[in-house]
Amino acid sequence: MSSDDAQFAAQVSEQVSEQVSKQVAETTRRLYELGWMRGTSGNVSAVESDDPRVLSVSASGIAKHSMASQHAVRTDYRGAALAGQDLRPSAEARVHAAVIEATGARGVVHVHALSSVLAAARWPDGVLLHDAEQLKGIGREAHGDRVVVPVVPNSQDMEQLSAEILARLDPDVPGVIVAEHGLYAWGSSLEDAVHRTESLDWLFDYALGLDALSTRTPER
Amino acid sequence: MSSDDAQFAAQVSEQVSEQVSKQVAETTRRLYELGWMRGTSGNVSAVESDDPRVLSVSASGIAKHSMASQHAVRTDYRGAALAGQDLRPSAEARVHAAVIEATGARGVVHVHALSSVLAAARWPDGVLLHDAEQLKGIGREAHGDRVVVPVVPNSQDMEQLSAEILARLDPDVPGVIVAEHGLYAWGSSLEDAVHRTESLDWLFDYALGLDALSTRTPER
Amino acid sequence: MSSDDAQFAAQVSEQVSEQVSKQVAETTRRLYELGWMRGTSGNVSAVESDDPRVLSVSASGIAKHSMASQHAVRTDYRGAALAGQDLRPSAEARVHAAVIEATGARGVVHVHALSSVLAAARWPDGVLLHDAEQLKGIGREAHGDRVVVPVVPNSQDMEQLSAEILARLDPDVPGVIVAEHGLYAWGSSLEDAVHRTESLDWLFDYALGLDALSTRTPER
Amino acid sequence: MSSDDAQFAAQVSEQVSEQVSKQVAETTRRLYELGWMRGTSGNVSAVESDDPRVLSVSASGIAKHSMASQHAVRTDYRGAALAGQDLRPSAEARVHAAVIEATGARGVVHVHALSSVLAAARWPDGVLLHDAEQLKGIGREAHGDRVVVPVVPNSQDMEQLSAEILARLDPDVPGVIVAEHGLYAWGSSLEDAVHRTESLDWLFDYALGLDALSTRTPER
């Protein structure tokens, strides 16, 4: 590569990086507005480039309602921060990286959605979803398709949590609930991961709503 | 028609088209904010012109929170895309077109409102609404009027779904629930269809709330 | 009054009118955002001037999320539109005027808040509120004060509805629930009426929440 | 200190004061948007300077959705307004000051969150929180840590209320619920206090949700 080519490539790379950082920030603010990132909880990631893989991950401890592009941190394929950055990535960057590695996802969302932890408390062996048009939002069938969203135990050891998620992950289900914690969901882009997060939250609320109905109308 | 007249008519038509597209986009963003279009779900349509009839329909797979005018697709009276457009209309454009054809509506809203699918699960033979001021929001009486919102089974075959809706449609009720799916509502304009969607959602929440009250206070 | 004085008075009056119309519009948009004016429901009013009394009332059938100053209609002390205006005031302007006449309120809010109609369904003889700091928001005591918000039957006859409300109105309670319909609340200004509406809605939700708790924990 | 130095110090102090007032106002508007400051309820405070300590406290009776910097009032270390200000601080400034004095907090939030009063009604001897990732948002452990948020009786006597809170306050729990009233939470900055408020609200909703689940699925 000539020196001109290298300079050009660096410029392109920087533009992509800025674009991805901006998307990570905008997405984070939007997920906060949806009520899923209270008290600095939650984090998102997107693949910025491959070969070598670079991820853009929301920084640790940031107030999510005001996250800006400069609060996105670049990490390697294992979620470790690249050198020369002031902020640390979220501790859960390791899990994001593992999910991306295992699934080929290009974006990952982690949120503390109440619907997900209540569904996991109700159905600790996995949350069964079936017969709902919204299932198409996670790439499944609206009729006769039985989808079980895995539930894994919570852990503060990111290696262990990643291993649990990968062990239980169903390649045909783009999400896993961490019990007593929240939801991971992923997709072919960060936007796609958000859509799937929205669909899963809707489906959990629907399942819990049907469960409450069946309790108060036992004859049904 | 002189060449000048034809040019003028074409300009007027283009202005109307832009206006309708803008309204389709604004309405979609607003319905997303109300929580009814999660995960790219839902779609809206408006009649753009008659003779021949042209509809403006939200495109398939669009992120609803950021829908813009260019994401509105023009279709014929059956919901098939007019030639020369990059985006595809929502698959459910066929249903919108059928409702417009059958009812004379000028706008149709389809949303994945949790209230509608929970009400359909509770009352699968039709959702009875009665004695509520908000019924006036769907053109009915606040007192002594018994309104049953039809519930039809979900289907992925748009011809079949349209036929089911038309078969069950009550000309005096501007909405139908598709079980395990969501709500269709319509009106004399897209804005009117939104008002009726809001009223139906309120009425479903009210009916479900009364039902929960009656369970916990059986003596009533 | 000299011709100059009259012109000055007219200018002042017009400025006040514009200011009140703007407040009526802003308040309406805010109440829509709070979820209480779905499907064009609800309306607000404010006293614009006395001697003779002129009210500014939200127009009938307006989409509340986009209400603008020009959608405020001026009425006399009985809620009848002053001459020379294109829009009609809300049909419920009569009730607003009656409440203002009877209570000396300067602003009235009418909303279709689900909390109010569910509370009225649960406690049809009046909604008892007690022992809550938020009661101070409606001018009552936080401790040992028993507040009963009257519930009146719904009616489409505005004279009759006004008479029912005035008959049941408690001068120490700034609100009345119309069963199967919604809430009227009032105050020393439109802003004050909104504050009281917010407080009443909070108190109804609290009462319904306590009621649900007591059902599922009967031993308490 | 030279006259120049004094002038410079005064300028710096004024800038800090403006900055803190702006933060008090922005935070208040945000807490209103979250639904926790209805009907002028709630208030926040931040330490503006030490030696002598000056607090910035939201003014009494302000409409929270439109609070501006000029609605922040400066008080001494006991919550008494400094001379020369038009607005009065919230009556609860005394409690804010006492919490700051006792805990070393730099920011305090008081909100009428329904989750807090319903949790206090359900568990009047203290709200037990355990085994939830969100506990890290209040500085506790996600696993095996038993956190009890104290509940104190409501009072209109600010000295008494302050004394009750200080008597029951757990130095390892950054919040106290005032029964039939609302929540106080604090932190190392006003922003931190807001994060902890958000976390506590999430945890109360989670605890109440688990409680409802356990009622309708008694076999669990």
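Letters A, B, C and D mark the chains as written, and numbering starts fresh at 1 in each.
We take it that a contact is a pair of C-beta atoms (placed from the backbone, for glycine too) under 8 Å apart; a residue touches a chain by one contact, two chains touch by 3 or more.
Quick caveat: nothing in here was measured; it's all calculated off a predicted structure.
Asks: By label order, what chains touch chain C and chain D together?
Replies: none
Asks: Please state whether the interface between chain B and chain C is built from the same residues or different ones, using more than half shared residue numbers as the mark of same.
Replies: different
Asks: Going by the average position of its CA atoms, which chain sits the greatest distance from chain D?
Replies: Between chain D and every other chain, the largest centroid distance is to B.
Asks: Using mean C-alpha positions as chain centres, tell me how far chain B is from chain D in Å, no decimals.
Replies: Distance between chain centres, rounded to whole Å: 44 Å.
Asks: Please report how many Å separate the Cα centroid of chain A from that of chain D, as a whole number.
Replies: 31
Asks: Which residue numbers or ranges of chain A touch two or more of the other chains?
Replies: Each of 216 in chain A touches at least two other chains.
Asks: In the complex formed with chain D, which residues of chain C make contact?
Replies: For chain C paired with chain D, touching residues are 30, 131-134, 137-138, 142-143, 191, 194-199, 201-202, 205-206, 209-210, 213, 216-217.
Asks: In the complex of these two chains, what residues of chain D are touching chain C?
Replies: Contacts found on chain D: 38-41, 63, 65, 112, 114, 117-118, 121-122, 154, 156, 178, 180-182, 211-212, 215-216.
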